[in-house]
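Please read through the structure below; I'll follow up with questions.
Every chain is named by a letter (A, B, C and D) in the order it is written, and numbering of its residues begins at 1.
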Amino acid sequence: MQFTLVIYGAPHASEGAATALRFARAVLASGHEIYRVFFYGDGIHNGSALAAPPQDEQDLLAQWQQLQQAHNLDLTLCIAAAQRRGVLSESEAKRLEKPAVNIAAGFTLAGLGQLAEAAALSDRVVTFGG
Amino acid sequence: MTLHIVNQSPYAGSALSDCLNALHPGDAVVLIEDGVYAVNDPRLSASADNSFCLGADAIARGVTVPESIETIDEARWVALCAEHNPIVSWFR
Amino acid sequence: MPRKSILAICRHAPYGNALAREGLEAILACAAMDQVPAVLLINDGVFLLLEQDAQQIGEKNLRRNLAALPMFGVETLHLCERSLRERGIDPAQLSLPGTELKLLQNPGAFIAGFDQVLSF
Amino acid sequence: MENLVIEGREIPLDKEGFLRNLGDWSPQVAEALAAQENIVLTEDHWDVIRLLQDFYREFELSPAMRPLVKYIDQHLGPEKGRSIFLMQLFPPSPAKIGSKIAGLPKPTNCL
């Protein structure tokens, strides 16, 4: 079965993203697939390359990236939500004339159409609230 | 049959009661995160036929889950998601 | 794309939480992609329908965004009757140009009829 | 994109040619913005520009293609409420180019 996960919570601010990570691992371990992880609202902060949590706290970004690499996950940040909150790719920073790029490796920016498409093409959509 | 996921403490907001007001016979409720503080809420046992509680979240918080509610791990949660459709989250 | 029935549930009040605005944006985007969702306003989401003047707090008017739904192909808004009554809103006083407002007595049965639910 | 100069006054544009200050919009500015897209504004263009501005006032949204077509259909009739009509007026991306010339906020790149 194809699962899509929608995440609204910022890391280290709400528990949603950490729960989603546990859920995602269980989905994969159960033999299902993850069609897409769509980060929306404050959830887009999960894709910031600049987060530097203390060494004795869990590093959510590194865990998402490991999972992404191991399973070739589609980690999509909503571009409109990310623009508002300041997570930019090189091309967006250029287009919007902003001074820095901070999207983490393994994540992509894309439109809300990717949420619509995931809802239409996956078997299950699970929302992780903020 | 719908699977409802509640992640908010019933003492902090209305997510649990909002969920229970939108319950259809046969639906299941999964308590996760702060939602596990609802394990002893009488409204839950009164309205929901099938209630589940994510074990790790309950243990992490020192919450004891009564026998009327099935304690589940993440794999069982995924299985419940596969068995039910649609899935609705109630939060904040 | 294969047809899946999609329901968007809006249960947050405007302005206090970005989810009210971003939920509407997601609904518009789905509709613009030919995945027109059904829309249910429930709990504090029913407050989206009140006449409002968001300029007072420097915000864009979310009721106006809601009024754009028919342009995107969403011509019916489903409202939880209980949520309205609990909040002292008389359903008979509500209207939105170009939109049919449908009252639901049993949101649970309604929700159960969809393939996917997006919760906002 | 180079800034516009209208009657000796400089109108700043961003990199993609959108007005930096939406308050700078005037019919003359629209003519100049259109010229940058190699478009000469006709009465049909102006009808659409006015409807784009009405749409924005009514819904506080810059329209995507589909709702724009529907809105034009409602106000100018089915003959003009078609994407081909808009494509001819504001190629290659009518909602974006039209919004730029009408002085609406830059779309969020969402669709």
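To be clear about the criterion, a residue touches a chain if its C-beta (ideal position, glycine included) is under 8 Å from a C-beta of that chain, and two chains touch if they have at least 3 such contacts.
Small disclaimer: the values here were computed from a predicted structure and weren't measured.
K.L.:
Applying the touch definition from the top, give me the chains sitting in contact with each of subunit C and subunit D.
P.N.:
A
K.L.:
Report which of A-D and B-C is connected by more C-beta pairs in contact.
P.N.:
B-C
K.L.:
Determine the centre-to-centre distance between subunit A and subunit D, using the mean Cα coordinates as centres, and give it in whole Å.
P.N.:
So the centre of subunit A lies 34 Å away from the centre of subunit D.
K.L.:
Taking the mean of the C-alpha atoms as each chain's centre, how many Å separate subunit B from subunit D?
P.N.:
Averaging C-alpha atoms per chain gives centres 49 Å apart.
K.L.:
Report the inter-chain centroid distance for subunit A and subunit B in whole angstrom, where each centroid is the mean of the CA atoms.
P.N.:
That pair's centroid distance is 24 Å.
K.L.:
Enumerate the residues of subunit C that touch no fewer than two other chains.
P.N.:
Counting only residues that touch two or more other chains, subunit C contributes 19, 25, 29, 32-33, 116-117, 119.
K.L.:
Check each residue of subunit D and list the ones that touch at least two other chains.
P.N.:
110-111
K.L.:
So which bits of subunit A are touching at least two other chains?
P.N.:
Within subunit A, residues 8, 80, 111-113, 124-125, 127, 129-130 contact more than one other chain.
K.L.:
Mapping chain-to-chain touches, which pattern fits: line, ring, star, complete or other?
P.N.:
Contact pattern: none of line, ring, star or complete.
K.L.:
Could you please write down every pair of chains that are in touch?
P.N.:
A-B, A-C, A-D, B-C, C-D
K.L.:
Which of the residues in subunit B come into contact with subunit A in the complex?
P.N.:
So the residues of subunit B in touch with subunit A come to 5, 7-8, 32-34, 56-57, 73-75, 77-79, 81-82, 85-92.
K.L.:
For a test of understanding, state which residues of subunit D touch subunit C in their complex under the given definition.
P.N.:
Per the touch definition, subunit D meets subunit C at residues 55, 58-61, 63-67, 70-71, 110-111.
K.L.:
Within their complex, state which residues of subunit C touch subunit A.
P.N.:
1-4, 6, 18-19, 22, 25-26, 29-30, 32-33, 35, 116-119
K.L.:
For subunit A, which residues count as touching subunit B in their complex?
P.N.:
Checking each residue of subunit A against subunit B gives 1, 3, 8, 15-16, 19, 22-23, 25-27, 29-30, 32, 123-130.
K.L.:
Taking the touch rule as given, give the residues of subunit B at its contact with subunit C in the complex, in rising order.
P.N.:
1-2, 14, 18, 21-24, 27, 85-92
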